[in-house]
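Working notes, structure below.
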């Protein structure tokens, strides 16, 4: 207990950093769920592809740590753009391949879940076997820096060096901590505004609330569904870069666990609720850190899931309720 | 052939009160859906419950069948307060209902739908089912007899093995009634059973409702169609904005100034009795 | 559909069908329907032959279906335990419509009961351990279900997923349960050595008796996997029978009604919560039984055998095969458990191919390989009505 | 379904009819090779048993490549005695191991197995190999309990955790002279077992411990605990994937305690994941440094395009023990088992000979250090 109190600030900040990543990934689950009432199981792979895009950009640019600040910012923005593009693209691909036909057939939700699980396996394996796949085209050697040790951890060559900014309660908050938490909050606000104010955002809300009525009102449901996947993918891409800045490493199967956690965060906050996703992420991140500090890291997932069960028992629709359709977004 | 819609109704049968609403109020947030409503359904009668849209008719049904708990007041069935009984327990007590928007078990056959209703009083447990115990066999036999009988009564016997969702609209409406009747209720609550019916079908429905009453069931009928309600009901209660504004035999209701006021300006159904 | 096929004399028609006893819940596989046209003795002979063939599979080692790269008996046991799990999960998912992503938790509790009380902490008899394992899993199913079944559908998925992980992590981090090292020396079923059965050996399309390769009936040893398969197969037949009994009773109807429309079911007098709990407990029962058999075949268990991925494979088996149809989910389990073993040749591509296969199956057979009776029943009804009409005409 | 019934019946009938007339002779013909004439090399193979796919594939492939190299070299040198290599890919899964082990003992041409690679699968496969009399030499399974099950076919060619743990502890206390140590493990059988031994050996110097999970990527709570304890050294029992992340996040959080790990981390993947943060990491390993095996090193790199990684050299040694035996005419399981039990020879990782329980004698544990992105030998650790 005293350990928790003595290191409260450190545990809180690192918990929030982790929670921010969970929250951004959770957005993808929450948006798709809000619109289609489907658990997009393959969303974790959307994130994973984004993380590799970010890694590859830094490999291609080959910037050394400690470069001038404008260079660092430029490379990071480039990586962000790449991650968002790739994640958004994979999300759209997913919609096309795994969902569109089933949505058109109005197939049971479970079938869509299986389709997504299949897509998830396939996508993860494609990344894990990328060295073999490029080998078919005789590009194994040319692409070596990108496909080397495909089934191992791949390190993100972070151009930004971690620096302490200020010290609170015995913990030196770093620039990375600040960047991640602030970016997550800013992106959440931006998304919130997007959903509330733009035409597409209103369309998303309309379809979430009553897809038939929305169709009668002239909303193109299919376009809105695609937009939803795209927005979720873009957020996952951003999450991928932030994740790499903090944790430094990605791998072909890293999405699975993160996906489970992010989905938990989405449910915790109230699935379908955009603000709830970030709140759920923060709560989960903090709970994992505090729980680890109290009873040991081996129990952190147990703590996370127990928390989920308890919250659902007392607030059956999550902390903020499910409300993508409602005006509060 | 069914009788003409406005034929003389049989004289009110004044049995004992089967279901009583006693000063029932229910509140959702700031909205009072029911406000001190009291009326009684008497054994063996057909009571029509009418009122403009949003008057609280379906809420009334939901209070009676345990879907909502009243904020204040009491609902009594055969003299016994319903209290906080679960919905299925109330059904077993003897209240059955249909739904405004049809809610059949679409992927089960018509017969199975009715059997689910008949199962309401069955006690077969896992062991019974596994060993095909005498109780299980007796209940299965009785259940199927009840179900087939009710379906024959409603003219559905030939559709028994059809999936519920493949039935025609009118058949689905009747199947809902059959399913409710199979629970062997004393009180049958019909929630807008004529919605979407043409005049000929409505006439048949009126006949059916009377025949149901003649089987000894008490019927509570929510309906928009004035002609049908006035034609078939022994008595009518009128709700407006969650309050009961009138109660009496159809002739009285037709001339009640409050009722006329309530319906003034509102489009009365095509039969236009008021 | 069947419109316009009404029998002229409805009274006698319905009376007849009543006399024919319960034909409710038509739920026969495509094969059985084709067979049902045959005379009864032929039908029974065919079914008997099929059963014998199923039991003889590990001895026959038929070239095309036998697995070239791993022991066929062991694969058959794995397939059988998946089939068992799929049957259990089918009650939860297919009949009652509850998405359980933590089904492996029950599997684990069954396995751990046998292992912990049979080897690690006590040395109880196998005959005692199996019922205990089943009892514990059923209780855990009720304990998990009682609070969580009030949670709405999709939330149940994540709550059960959490449950499965909690079970695994608890086993992994608790010394008393063997932690990561796992538990060795799990008791095997008691053997009754009666006689020896030779295996077949194939050269092209001709078969020879291989007198050096024999299976002792009924010796539950380390290497020969066939007896374990026979045990699991027998359990499957028992569970199939029980499943059918429940399905054709009030309980099966209540499950289905609950899945179709929970509120309407409740208002028709179905205590839906009780029946959902019952479905959960029945599913847990079968899952635990399967886990217990798995542990006593394996002789060794560790938490790694109960990964979250397994739960997902179980769900995939049920849905791919056709949730709600017991023959469908059996086929689904075979697809999920057998194909990856049969086609080990794909090596590292296996999971990729498997994922792609799931994707394709879901998109092009969304109702499952053998859909739950709905579509097939329309046909069956046609045939029945025709038969009834003939009968009525003759009367 | 219908198809299989219609065609299946006559096929079955035909099969039974055939058995009736030709059964016994067929049986005899087919099992002629079972007895085995010593000295003939026909139809003989050794097996590799372990993961080639799945999450643990990397370690498995390292081992398989070691075996592959040994077999290829042997076949090149002995044109008249070609030995096959059977691969049993368990994906590291104890459940799959059962069927594969049964398959292996049923295949008479396989007379020795290098593996099983992991402790978990050894637990299910071990008794099956023992029953089939098929000798095994594991190049990587280090759970001490494996040799105590009475499987007379079991051997392992590297020190188990009981020998490596104390060595790591000795290094920390004698060489690093760290007064305070924080012990982390990954809850795996390998990592937890190792950490427990280190924990016991260091006793009072241990100022804190924590357990992470394999697959975990965020270690912030653990790192907070390490910082809070003020430990000067961190021992991590586990594999390289988590080790790379842990040390990287430690350094990122400004914790500069010496990072000490064991052989499961001795892999290029560790450097790849940790980058600069790996510098100065101490890796203990019951294996000789690569300088002492230069020939093997170059041959391996030539064959597979990458440097030998964890356990490749052990696997190479294990395979060579068997291949030498085959060359000496031990071409059935029984005689090969005898050969292995009596073996004494110079491997590239150590002086190889096995004791009664199948454990290798003469274990030397070396400390390696990460310098400039390379794992280089530091010194031999003297225990006792």
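First chain written, first letter: the chains are A, B, C and D, and each begins at residue 1.
Simple rule for what comes next: contacts are C-beta pairs under 8 Å (C-beta built on N, C-alpha and C of every residue); 3 or more make two chains touch, one makes a residue touch a chain.
The structure presented is a predicted model; accordingly, all values stated were derived computationally and were not measured.
Chain nearest the geometric middle of the protein is C, using mean C-alpha positions.
Each chain gets a centre from the mean of its Cα atoms; for chain B and chain D, those two points are 73 Å apart. The distance from the centre of chain A to the centre of chain C, each centre being the mean of the chain's C-alpha atoms, comes to 36 Å. Chain centres here are Cα averages; for chain A and chain B they lie 51 Å apart.
Among all residues of chain A, those that touch two or more other chains are 298, 301. Across the assembly, chain C contributes 169, 172-173, 348, 351 as residues in contact with two or more other chains. Pairs of chains in mutual contact: A-C, A-D, B-C, C-D. Every residue of chain D that touches chain C in the complex is listed here, in rising order: 1-2, 5, 8-9, 11-12, 14-15, 18-19, 22-24, 26-27, 30-31, 34, 52-53, 57, 88-89, 92-96, 98-103, 105-106, 119-120, 123-124, 127-128, 130-132, 143, 145, 149, 187-189, 191-193, 211, 213.
Contacts from chain C toward chain B in the complex involve residues 1-2, 6-7, 10, 13-14, 17-18, 22, 24-25, 242, 245-246, 248-251, 253-254, 256-257, 260-261, 263-272, 278, 282, 374, 377-378, 381, 384-385.
Residues 33, 37, 39, 97-98, 101-102, 105, 107-108, 110-115, 117-126, 129, 132, 260, 263-264, 267, 271, 298-299, 301-302, 304-306, 308-309, 312-313, 316-317 of chain A are the ones touching chain C in the complex.
Touching chain C in their complex are the following residues of chain B: 65, 67, 86-88, 91-92, 96-97, 99, 103-109, 111-113, 115-117, 119-122, 124-126, 128-130, 132, 136, 139-140, 143-145, 148, 152, 157-158, 160-163, 166, 179-180, 183. Residues 93, 99, 147-148, 150-152, 154-155, 157-159, 161-163, 165-166, 169-170, 172-173, 308, 312, 315-316, 319-320, 323, 348-349, 351-352, 354-363, 366-367 of chain C touch chain A in their complex.
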